[in-house]
Structures are given as structure tokens and as C-alpha cells.
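A quick write-up on the structure given underneath.
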Amino acid sequence: MIRTKKALAATGRRLYARGWALGTSGNFSVVRSRQPLRLIISSSGVPKGELVSTSFLEVDAHARAVGRTKLRPSAETLLHIVIANARGAGAILHTHSVWSTVLSLRHQSRGGLSIEGLEMLKGLDGIATHEHREWIPIVPNSQDMKQLSIHLAGALSANPEAHGVLIAGHGLYTWGKTLADAERHVEILEFLLETAGRLESANGENQNS
Amino acid sequence: MIRTKKALAATGRRLYARGWALGTSGNFSVVRSRQPLRLIISSSGVPKGELVSTSFLEVDAHARAVGRTKLRPSAETLLHIVIANARGAGAILHTHSVWSTVLSLRHQSRGGLSIEGLEMLKGLDGIATHEHREWIPIVPNSQDMKQLSIHLAGALSANPEAHGVLIAGHGLYTWGKTLADAERHVEILEFLLETAGRLESANGENQNS
Amino acid sequence: MIRTKKALAATGRRLYARGWALGTSGNFSVVRSRQPLRLIISSSGVPKGELVSTSFLEVDAHARAVGRTKLRPSAETLLHIVIANARGAGAILHTHSVWSTVLSLRHQSRGGLSIEGLEMLKGLDGIATHEHREWIPIVPNSQDMKQLSIHLAGALSANPEAHGVLIAGHGLYTWGKTLADAERHVEILEFLLETAGRLESANGENQNS
Amino acid sequence: MIRTKKALAATGRRLYARGWALGTSGNFSVVRSRQPLRLIISSSGVPKGELVSTSFLEVDAHARAVGRTKLRPSAETLLHIVIANARGAGAILHTHSVWSTVLSLRHQSRGGLSIEGLEMLKGLDGIATHEHREWIPIVPNSQDMKQLSIHLAGALSANPEAHGVLIAGHGLYTWGKTLADAERHVEILEFLLETAGRLESANGENQNS
């Protein structure tokens, strides 16, 4: 478990270094067991540049801490559990970048954003061609985690092929079979979003929402 | 005190690395005592990439160095004292980023800038929802520190909920109960400003001042 | 050979750090011998931030692994071989940056992009003046490596002076007599592309493709 | 002399890390003596990310290497000598950033660029207020170093207050009494240029040259 926590901390510090998890934003988890469901997840309120192995705790399927700990699980633990269940993901990463935030607002009224024709799409699990069209659903933000998790579950079930979901004005959720897969998905999706954002900024295709 | 100075130097070097305190710009302080008021603050003219513990000195409530030292306190020490008094802050950080400068000029004529609807707002002390509307006041710049400190004090008292203040064409002041809180506020506000800046650049909402 | 692999890994990690080879994107090779042609090339699917000497393998002129190895050569090995043959290159680097992707799409319909009048052009092999006009051909992307390698070979032979080729929506191929030359070409071409991109974004010269 | 060379190498690597001296672009010098004039300057063709103390050599007032060395002085050594003479500078730094290149082209037809109203101007030697108006002259680029040095000398003498000069499509020359002063000037001027560039891009004030 210490190895998992160390790997999660290293992933988190790298995402912080790129400016994708500034302040205490973002949260990161790995699925420890499925029956019963247990996740290792970042605790609430930790500055992401200072993540260490003791910044993580174990939670159960109801987002409650397992065992004795002073740490509180991230407020968004429920969203990690939804993704772990809906996708069978082994790791879930949530980041807050400038470009994902900008695009989540520009495209919110359309319920999502499609990206196609880019070779980088092949960095997404199971995608073998740039001719793929990736639809990234955008769900409305909410502080009611129950409601947000229902919206997220809805988006996941309506878009079984999606590799990530944006929460409007909030950020990106993505996942993978392993932590390395999930981290690759963050890098790929952030690249795709910045590229899409710069293309549409230049083309004046942003007169909405 | 050496620990405080080391922590301040580390914070300063991180802000420099992000490009938010290039050259000798920016200054950083921690409140050492309240009765009487004493601050540990960066000395004038130090390149912020080379901050070490000996780059800091102690000052009193009149912005005068305490004890024997060859260091001169930052010219903006008075502004730190205003914030320490008005907000009961434990640490005050002043940065100069490209985006905060750009937005401080674009919005100067309106006296401030509001940011709302972004999850990152929750990184600000006491904010529990993205539905919060943060008004960042903008005060005119001046080389008369007495006058600037009066403007700053005015903006703080007129906006008791504000977590930061922009000085037009100059940069950001923010603070926190602890140095870690203040550093988080810099990261959050810089993120919010860059996001706001990219959104309005794209939308052509910048035809002013 | 271990020295070559270490040097390739270090180059790759630097390109990753700049954000030009995120995720598993990009691939990097050095020509080990010419008669018969042998390349040392990055294996398929390695995260580019984690490149080490064991991430590389030897391939022959038919893109087949040489000797016992569990590694699979990069899917784009054929393109490296085309360049090694057409240009007599000693090293070939392929990167995926945001700006190269953006420009490859904006200019695709014209078959290429010309850059002139910039001093940085002198960083390209054999160029002694900023008055040089560099034409960077853009070939359409394809998942059929045979077809893509024919397009690439065509672009190389039609543009014998070109120092790099863009694949539309995909990224940059460049090369050099040595690995250091090729890495310099990546830096120079990425600089030129970002500069061209920012100039035309500002000037509204992007109403196409 | 070894200390000076080490300090120059460290400065150069930092400028490279910020992306202001990619490839072999940029060159850096320190004045070693005035009577006779001797400079320590980067040798031609060194990748700026790999600068070490042995990347520098001594040159005389005619840009010739002093003593036995295999190194060739930078082709632009003459420009360093012009600045050392005209300004009595102790250190001269030449960088190639994206924003300085973009602005040097946008404003070339007007012969320069003025920046005013920004607090960061105070980072320039002798400037005590943001109300200062800094005129950055832009001279046309040339591969004829004799001609370019005459243009540069002309710009320096016509603008005795200027802290830096842009060469069109080429980059920035700045200087300082010490190497630290010159490095601060690079950071300040690059900040000012990026800020000016983003402000005018947003305002559509770039319809020229």
C-alpha cells in the first residue's frame, strides 16, 4: 500500500508541476480492491505540490475512511467511486487546468465537446486511429456531491466510449486500468483540450455559452 | 525565526519559478508577532530566484528594520502592514504575473474584476461553492507608498470579503492565516486570472481602458 | 550502444519536459550502422517522461527488431527508415507539440507552411541567413504506415532542402547528422512554429482549412 | 576567470530553461577588463542548455580570440563590443524569445516599441516609477556584422536612455553593470514584452508590418 501511495504522490506532484492541480485542487485515487470496493485517495485540503505518501487514505464504497486516520477523504470521493464502478477503472485522476476550464465553459451549453482528426487521440485506451471522434461530455457543476455523482453516472452511461468527463467550470475526470494509464490519459486529454482551444480561439468559433 | 525565513525563501523561489516574481519583483512576509506588530519581510532589491533565509529581515509597525541589519526592507513594506492590520493576516504575498498585469489594466476603469462560477474559487478561504462571486478590487498604482497604502486600506475596508487586491499595471496582493494559505491563494488567484483572461480574450470582451 | 540509448533517453525526457512528447507520443532514433541499415529506436507505448536506456531497441531496414527482445519497435519505425535513407540522417526525432499540431491543421490545405525572415532559421543545418525561406511540407496523416511512408518520402524528395516535415494533426519529424543536431532542429522548428502561430493568430490570418 | 565563466554558464542555462535561448541561439558575455577591452563570451555553436565554463573564451576589442583556444567567438561578438563601449556595460546578454520576436516584427516599421505604466519598469536600472516610458528601439536585422553593429551603435546613441534593443525577427540585446543586473534586465524586458504582446493581441492593435 505504501508503494501505491508513493506512486500516487509522485503522479500528483507531476500534475501540479504542469499547473494542472494548483493549490489544493485536484484529487487522485487508485482502486485497492473490488470486493469489497476500496480506494486509496488523496485527503481533503492537501496542497498538491506537497503530496507525500501520508497524504492518502483508504476509503470504502460509501466514501468513508477505513481504519484509524486523522485524514478526511476528498469531498469528491463519491465521484471516484462512481467511475471505479461504471468503468472498472484501476485509477482515477481529477485535474483543474486553465484550458479544460475554459473549454468546459465555452461548450457547456452543447453538453460536450468533440475532438477528432488528431493523432494524439491514439493515446486514449483502445483508440487505434486519428479518425476517431472523441466526445467529451460536460456535466453541470454542483456542490451537492450526490447530485453531481448522479450527473456523472448519467454521462458515463450515456457515453460508454468516453475516456474523460468535464465538469463545467471545474475540471477534468479521467481514469485508466492502471495509474500509469490514467496519468497518460490526463496528459493526452490536456493536450487535446489545449490544441482544440487554441484552434477555436484563432478561428473565432467561440461565440457561445 | 530561521525556519520562517527558510519557508519564505522556498515560497518565493517557487513563485519565481512559475514566472510570477521575475527579476526583483514581488515581496513576501510573515507576521512574527501582533503586540507589537512585527513582520519578517524580503529585503529590497533581491532577485527572487536567489532568495535564501538571509534575504529576509524583521520590521516594526512603521516599516522600520528591527535590530542590526544591512538589509533595507522592501519599499512596499507599508502595504504588508496595512494588510496585516486590516485582515489579521499571518502571511502576505505580492506577485507580478503577466496575466494579473494584463487584467489589472483591462479592468482598471471599472475599479475591479469579478470572477464567478469556477470551482477553483473554493480554494479561497471560507468559500464553499463555485457559485461564489469574487470581486477583486483594482486600486491605481502610485510610487507614493503613503497614498498607495491609503488606497489599499480603502479597498480592503470597502471589500471586506475580498481575498486579494490588484494594483493597476503592477500586480497582486493576497494573504492568508498561514504562509501555506497565502501561497495557495496566489496559486488560486493566478489560475482564476489566467482563466478569466483567456475567456475574455477569446470572446472579444476587452474593449476598454 | 548503451551510451547511445542513454543519450536518446535523455533527449526524450527533455522533449517531454517541454510538453512536446506528452503521454506515449513521439519517437526517437539514432542510426547505428548504414551497411546494413540499423537504427536504435524507442519501443512502442513507453511514456516519454519515463524513458530509460532499456526503452530502446535495435531495428533493421524492414523495421524488424534485431536480436532477442521483448520490446516492440514504434509503429512509426518505417518513417524513421525513410528519413534515414532519404537524408542520410544520423538521428531522427518525432514530436507532438500543441503549436505544430495547430499549424499543421491551419495550413494543411496549402500543403505546407513557409517561414522566413527570422534569425532562428540559422539554427537549421546549412542556413546562414535569416533571409532564408523555409518551406515545411505538410503530408496528410494516415494509419497505413506504408502509405504514410510513401507520402513522407514524396515530400522529402520534392523538398530536398526541407529540415522538417509536418504530418497533419499529428506532429513534426526532423533529423540531423547527430542526435545533438536533431535535438537542436526540434527546438528551432518548435520555436519557429510557435512564433509563426502567434503572429498569424494576432493578424487574423487563419481563416482556412 | 573560472568563476565568471561558471556564472555565465549558469545564467545561460537558466535563460535556456525559460525557452529564451533555444538551440544554439543567444550569446552571453562579461567584460573582463576595459584597458584594453577584453570580454569573456560564449563560443559559437554551443547548445545553450549545455553551457559549461569551457563554453566561454576571451576576446579582444576586435572580436578576436585571446590566447590559445579551439573555440570560435560568437559571430555576434562585435555587437557585444559595441554595447560594452557605448554603455560601459559589465555584462551583455542576447536572447531569442517568442514574444520578443513577435513584437520586433509587429513594430519594426515604427522603429521601436514603447512600454509605459507598468510597475515592472522599475526593475530597469535607474527607473524609479511606473510612469516611466521605455522606448525599445528596433533595428533591422543583417548578416553583415559590421553593418548590424553600426545600426546598433546608432540606436544606442540615438536612445541614450534605452535599457535594451530589439533586432527585428531576431531577438533582444540588454546589458547591466554586473551579470546579475543584465540577467534581471532580461527577465524584466521579457516580462514587459509578453505583457505588451498579450495586451495588444487582445485589443486588435496589431494591424501592421
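First chain written, first letter: the chains are A, B, C and D, and each begins at residue 1.
Here, contacts are C-beta pairs under 8 Å (C-beta built on N, C-alpha and C of every residue); 3 or more make two chains touch, one makes a residue touch a chain.
Remember, it's a predicted structure, so these values are computed and weren't measured experimentally.
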Shortest chain-hopping distance from chain A out to chain C: 1
Given that chain B and chain D are copies and touch, would you call their interface same or different according to whether over half of its residue numbers are shared? different
Using just the Cα atoms, superpose chain C onto chain D and tell me the rotation angle to the nearest 5°. 90
Which chain has its C-alpha centroid farthest away from the centroid of chain A? D
At what distance in angstrom does the C-alpha mean of chain D lie from that of chain B? 31
Taking the mean of the C-alpha atoms as each chain's centre, how many Å separate chain A from chain D? 43
Could you list the positions in chain A whose residues touch two or more of the other chains? 201
Give every touching pair of chains, nothing left out. A-B, A-C, B-D, C-D
Interfacial residue positions of chain D with respect to chain C in the complex: 19, 22-25, 47, 49, 96, 98-99, 101-102, 105-106, 141, 143, 167, 169-171, 197, 200-201, 206-207
Residue numbers on chain A that touch chain C, as the complex places them: 14, 18, 117-120, 123, 128-131, 180, 183-185, 187-188, 190-191, 194-195, 198-199, 201-203
